[in-house]
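Should a chain be cited, it is by its letter among A, B, C, D and E, assigned in written order, with residues numbered from 1 in that chain.
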Amino acid sequence: QDDTIKVGVLHSLSGTMAISETTLKDVMLMLIDEQNKKGGINGKMLEAVVVDPASDWPLFAEKARELIEANGVDVVFGCWTSVSRKSVLPVFEELNSILFYPVQYEGEESQKNVFYTGAAPNQQAIPAVDYLMAEEGVERWVLAGTDYVYPRTTNKILEAYLIGKGVAPEDIMVNYTPFGHSDWQTIVSDIKTFGSAGKKTAVVSTINGDANVPFYKELGNQGVSAEDIPVVAFSVGEEELAGLDTAPLVGHLAAWNYFMSVDTPENAEFIEKWKTFIGDDKRVTNDPMEAHYIGFNMWVKAVEAAGTTDADAVIDALPGIEVPNLTGGTSVMLANHHITKPVLVGEIQDDGQFDVVWETDGLVEGDAWSDFLPESAVLTSDWVELKCGNYNTETKTCGGASN
Amino acid sequence: MTSLIDRRMGIFLAGLFVLTVAVPVGNLAFEGKVVPSYIVSLLGKYLCYALLAVALDLVWGFCGILSLGHGAFFALGGYAMGMHLMREIGDRGVYANPNLPDFMVFLSWKELPWFWHGFDNFWFASLMVMLVPGALAFLFGWFAFRSRVTGVYLSIITQAMTYALQLAFFRNEMGFGGNNGLTDFKDVLGFPLQSDSTRAGLFVCTATALAAGLLIARAITTSKLGMILVCIRDAESRTRFMGYRVEGYKLFIFVVSAMMAGVAGALYTPQVGIINPGEFSPANSIEIVIWVALGGRGTLVGAALGAILVALAKTLFTGWFPEFWLFALGGLFILVTLFLPKGVLGLIEDTFARKKKPAPALQEAKA
Amino acid sequence: MLDIREIDVFYGAAQALRGVSMTAHPGRVTSVLGRNGVGKTTLLRAITGRQQIRSGKMDWEGRDLSRLRPEARARAGIAFVPQGREIFPLLTVRENLETGFSLLPRRERRVPDEVFELFPVLAQMLGRRGGDLSGGQQQQLAIGRAMVTRPRLLVLDEPTEGIQPSIIQDIGRAIKYLRGKGDMAIVLVEQYFDFARDLADDFIVLERGQVIRAGTRADMDGDSVRNLLTV
Amino acid sequence: MSVHLLLDSVSRSFDGYKAINDLSLAVDKGELRAVIGPNGAGKTTMMDIITGKTRPDSGGVWWNQTVDLTRIDEAGSARLGIGRKFQKPTVFETHSVEENIALSLKAERSVLATLFHRQTEAEAARITELLALVRLEGDRHRPAADLSHGQKQWLEIGMLLAQDPELLLVDEPAAGMTDAETMRTAELLRSLAGKHTVIVVEHDMEFVRALDCRVTVLHQGHVLTEGSLDHVSANPEVIEVYLGR
Amino acid sequence: MSFLRACLLALLLPLLAAPALAQTAEFDALVTSLPEGSYGERGAVVGAIALTGDPRAEAVLTALLDGTLGVIEATGQVVTLTPAPADALTGAAVEGPAAKIRVNNGLRRDIRAALGILTLADPDPAKRLAAADAAFRAPDAAQYDLLDAAFAREENPAVKSRLAEARAVAILAGDFSDADKREAIDIIADRGDADAQRILTPFAASADLEIAQAATAALTAIQQSRMLWGYAQNIWYGLSLGSVLLLAAIGLAITFGVMGVINMAHGELVMLGAYTTYAVQEAIRQNAPGLFDWSLLIAAPLAFLVAGAVGVAIERGIVRHLYGRALETLLATWGVSLILQQSVRSIFGPNNREVGNPSWMSGSFDVGQMTVTWNRLWILLFALAVFAVLLFVMKRTAVGLQMRAVTQNRPMAASMGIRTNWVDALTFGLGAGIAGLAGVALSQIDNVSPNLGQSYIVDSFMVVVFGGAGNIWGTLAGAFSLGIVNKFLEPYAGAVLAKIIVLVAIILFIQKRPRGLFAVKGRAVEG
């Protein structure tokens, strides 16, 4: 009925998460802009509808509802934290709309209306640990994280995985800190002590957001160098490094599916466009931005294929859609609404970029239900054949959720 | 003494009643064309906030206890209801475990912790909605008031209380779903939460609760006890010398207020579909104070209005100018303080008063 | 000299002073008398700038007072001993006295000896917090504090309230002494009739915010004024 | 006559300063007692100790020879029947004059009782009566904040009377009153004696004379002398430290 | 790894002795191939470069390690990037865009190993020390002879003792006599630190009884001293956490504690100070990079002025109208805080800004077994200095007296001739300015983002109130006691639980002292 296709952008522009999410809003505006320059989709122009859920979780739900019901958007790109996603899930389910979620997360979820373009734990954490074991000979592990669900789950999966690989439980130290923790003296010194036991030690960091800067500053100042105890992070990307003097951090690692430094023509073009769009030559790109890039292009293709923006048609069209990612491969939307991605491990350089030191051979398929947790190992998600997000392969039933 | 329903209360209750009838009818009878469904839950949320503001006004406006931790009581009420809703999911969770909520399954809990027992019963949960915040308020107040902690000291320890609870609820070990809190509710008393009629029903419940809350608060504040509360606010020590046990009065009103906040939280949870530790954050509690200050402290109706206004402003501003809305909201707060010393309600009443009669005749100074 | 003409003062809508006029001259004490709630304090508040006048004129040494802020009036030489003392409770006695320094040139910043001669107890309690003093001690401190600023107009609101008899005599002597120096005008609100009569050179009696009697000391004797003060 | 209030060598110091020093005092039931003494002698502090506001460092305070007042807080002492007028008038500023009196009226003080309290005819009459007595009928509905200093004094006296206490502690009731009203106050207090025990602190000797009662002189937290006004004012030490020449 | 190194050494030893001019060509070829291949392959090249014994090897490898070795992509010419691009082999100046040759952790380790051997005989004692350290970290019996020789000729005592330790480790790692080993254990035990503990632990279970005993005795001693040092460490951490709390709270001790204004915008004033630091550093980076070490000294007064000016503006514009309505200041200043936050977000963007540590704020030094980082030390000193100045101003100056008088009774202060407007603005400005100073210090350890202020506001109020509002000493005591308690709890309870316990402790403590740690007592406050 409308002559435009409305795209909702649901990212916090104020509050604690604005620091990360604002960029994603800008990326969406850029992508929509680009698409319009190409003539829109199926002859219709796209129109972005931006709202600010203000890092307030219930407000996310309210805003999602407003976007879908009041503004009539056809698709929403948004959320960063898991709790914000959890908060909007029922809304998307009830109103049968589509959400593209671009951030790495703890998994254990697959919902009909949500498409997860960020990494599942098997697309980030596990390969990173593999790298450290194989290439750096790490035998002792510090799992340090902010005290919330993503680190808890990831660490749980990692613990199970490491113990399965023969690591002794006393060689694993788990440590949690509150959100925004800024006094890392004790913990860094504990890490030093833990790392001086004679075995090669590494830190797997699921420390979130603001807490990273003081953590790395303390690491640098206490002289923990990457050669002694490398830190591999899952939440630190180019944006976070932009706020830091990286000289003392050279050599610490991050695992992502994308780095700005990846040398491909697609990436070069993307970076170029981004810098022009944002009007700042120093701005960086990062992994969730690529996730939105992939997600958006997938959605465009699906709408083109379906010939409509009707949610059911698009949801059906999406699995199987392939689009090029920025690291030189082609990502596919899987039946479980996760995508295939390469996993890259990069080392921090003193210019604030990552240098890729390792990558998986091919693309890794996102796994909604971890194989390393007993309860979820039996679950599988398939929205194409089984039409179920949590199919129990043992009892051969679909869990109660989808009714 | 003063009548239970004065003019301002009357007008507000009448407005609320109209809303209670019009909104569900407008939504259900016209299939959401007149009143879209999302407006129903939005308004429901506002009314929960309004009830919470009334609860705070009761202790702050009348008894001078500036609680910077009232969000905690609200959240506890919300969690109590959330726990019930969680239990009601039964085996329809993603892991299809009939006994354990999803988050417990995937964190490998083996059995339901003791404090979850009973919450499958709606009435038990409803009782807990009031009892848990009430008990916390009683415990906290009993110590604090007996030790004569007052003023900013009391404010700050209430803040410490809610902050500590926030951190505690963040912890997955607590068994309340950690940072994500409780979500994925399916239905309440068998009615699906995603249906319009359930939403309308919840809205009516909330409006009724707000009206009841206002009336109870009004009954308390117009009683002799209410006057003593004001004495305590203005000159606590003097009140003691008159033989009133100040701590008892404070405790009473603090507990009543906490229970009211708990009820607000319980109604809030099913309407927004999530309850998580963010509700315990000190900033949230400060915001409640702001609602009351903006509406007009010590006026009950003003507090409710303040809550609704700020929430409405937030809804509108975040949609209209997502990039600059903080300027608008911040500016609003400043302007109200500077130019409306009696709050929004004061402004409304002054405007009406001016229309009614010209400036009051100069009174004789009495000797 | 202080010259007040026909001033009106309101609290909100209620009028507290109606067309009050009075004068105060250097070297003279003007007593303001009246029963409770007639507006004595209000008059002093108007002089010291705590309460704005709505109409009328107030001149001090030829300057229009009514536009000056309270601190400017203090700087113009007006010192105030308010009803209720208004000691700075958390400042020590010494600091309370030193608050008067801010309007003095740097070299004159010291507490005059008269203060301690008059109120020896203050000298003993220099290091204690003003708020901890007894009521009467606070009253003494309030008078001493006003004297620190070397005022040319001293405005006293019931300075004998709560003070022991011997010190009341001292205060009386002090006021006489200050009057005797000839460069200070004194306005004294007092309920203690004998004390007021003893000191007054001029007086006015207020009733419901209006001056109902004014005159010099000679007019005060006899029962007529005293009768005005009974109900 | 039995001893109504007994202070038994009470001491109290603040940061090393002995405000009350081995003070002993006995007041009989129904007695009217004046307490005088220099500024800072400890008169107000003595009242603080009797009402439970300040705890003595040593010594005992006995009520009716049975109740230990040092263990009782302010509200408790008020419930026992000790009423107090403060040196600095303190009234409930946002409440009207009438409400100030109403809240002081003798009545059950528990939370529930006040919650369900309804004003009786008798109470209303008593309020009117008291307002007339303190001459604030015309200010009945004004907020107490708007009263002048002297009017607040009167209101406090009204509140004290409304409480109908067994023991009245009256700290400088005549301060800020005209001479005529001072006399009226003295008369009022005298009329209360007999039915009530009254302790009055005042610096106005005319007033004390009008009370015509036993006088206790405090000095440096200790009883200097006791007796009729004429007796104590003849005491050279009293003249030296208090009355002046 | 160590096998490779052993081989390398075996090859290297004779080479060190022989003149290596013949190897020039090979060296050149190796260096030219440095930019190519995987990290693993390049690690081998590094080893080979060291093996050539070419005198330029050390310079090239050091440059590679420091990230100052580059390659001109067009020609494949390897160049050193600093001070000016020059050919790495000939030293001739070159033109053209050069890209840095990247290294990873593994490669860096290889380079260091290679360099360690090359620099054991370096004339610079610092380098020898580093070499000895490297040898100590990676014990290798094959290095014994080399270390022994170095030890014998070493004259610098510091280096010599480190060499002794390195040699001891080598002995323990190899097949030496029990007597040698016991002696080595003694040398290691003298270190008394975590490294010693790690090295000695396996020997406690040694088959040789004497060795086992020596090691066990040494270990117990080490454990005891480490425990004591652990306490010292905790106290130090507590003090330094306390100093951060103190800085964040001390401005509030003025605006809130003294003036009674519930200043919710306090955190944002801190944030402004941090952003001022950022702006100063940006300006310096652009215009005068040489001044970078001075950046904080320049930023501090500016931050004081910026935040102070904003404070004065807030006071004049808003707070002034609200005296006597204390609680409404909460509403208005909350509004101010929202506006300030959003302004900064609009001007500087929502992301973290990079604020660097000047060299004197970076790194750490050891006191016994305790690591003291310079930035924490300076922040502690800075906090104490700010506190002392503030205390002086409030207690000893006329302005301070006026500030206290005005806040206790504004009308009476005016009647005493104090310019209350001016003093109010000044007091609020002072509190705000100090918040700005806090921002400068916090920028050194925390994020500089629009959220900076929010993360400190709750703690700041907690400290001021816990210490006793209105008492500046209370703020000091409050900050340090909370800091220390927190740090003693953290190792046992973990960061999250420690924080919860501290909060509960505050609640309980206030029951005991309802007016805070340094309560203002007396009639004046009890009313």
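Throughout what follows, a residue touches a chain if its C-beta (ideal position, glycine included) is under 8 Å from a C-beta of that chain, and two chains touch if they have at least 3 such contacts.
In this text the structure is predicted, and so the values were computed from the model without any measurement.
If you walk touching chains, what's the least steps from chain A to chain D?
Counted as steps through touching chains, the separation is 2.
So which chain ends up closest to the centre of the protein, judged by Cα positions averaged per chain?
It is chain B that sits nearest the middle.
Averaged over CA atoms, how far is the centre of chain C from the centre of chain D? Could you give it in whole Å?
29
Using Cα averages as centroids, what's the distance between chain D and chain E in whole Å?
Measuring from centre to centre gives 64 Å for this pair.
How big is the gap, in whole Å, between where the Cα atoms of chain A centre and where those of chain C centre?
The separation of the two C-alpha centroids amounts to 75 Å.
Between chain B and chain D, what is the gap in Å from one C-alpha centre to the other?
The separation of the two C-alpha centroids amounts to 44 Å.
Hunt down the residues of chain E that sit against at least two other chains at once, touch-wise.
Correct list: 341-342, 454, 496, 499, 522.
Give the residues of chain B that touch two or more other chains, as numbers and ranges in rising order.
167, 170-171, 235, 237, 323, 326, 366
Residues touching two or more other chains, restricted to chain C: which are they?
Those would be 11, 14, 35, 37-38, 132.
Within their complex, state which residues of chain C touch chain E.
Within the complex, chain C contacts chain E at residues 48-50, 69-71, 73-75, 79-80, 82, 86, 88-91, 95, 98-103, 129-132, 145, 149.
Over in the complex, which chain C residues touch chain D? Could you list them?
11, 14, 35-38, 41, 83-84, 121, 128, 132-137, 139-140, 158, 161-170, 191-194, 226, 229-231
Which residues, counting only chain E, touch chain C once they are in their complex?
For this pair, the touching residues of chain E are 398, 401-402, 404-405, 408-409, 411-420, 470, 520, 522-525.
Give every residue of chain E touching chain B within the complex, in rising order.
Of all residues in chain E, those touching chain B are 256, 262, 264, 318, 321-322, 325, 327-332, 334-339, 341-343, 346, 454, 458, 461-462, 465-466, 469, 496-497, 499-500, 503-504, 506-507, 510-512, 514-516, 526-527.
Using the touch definition from the top, list the residues of chain E that touch chain A in their complex.
Contact set of chain E toward chain A: 39, 67, 102, 104-106, 108-109, 112, 194-195, 197-199, 201, 233-234, 237, 240-241, 244, 341-342, 345, 349-357, 362-364, 371, 373-376, 444-451, 454-455, 486-487, 490-491, 494-496, 499.
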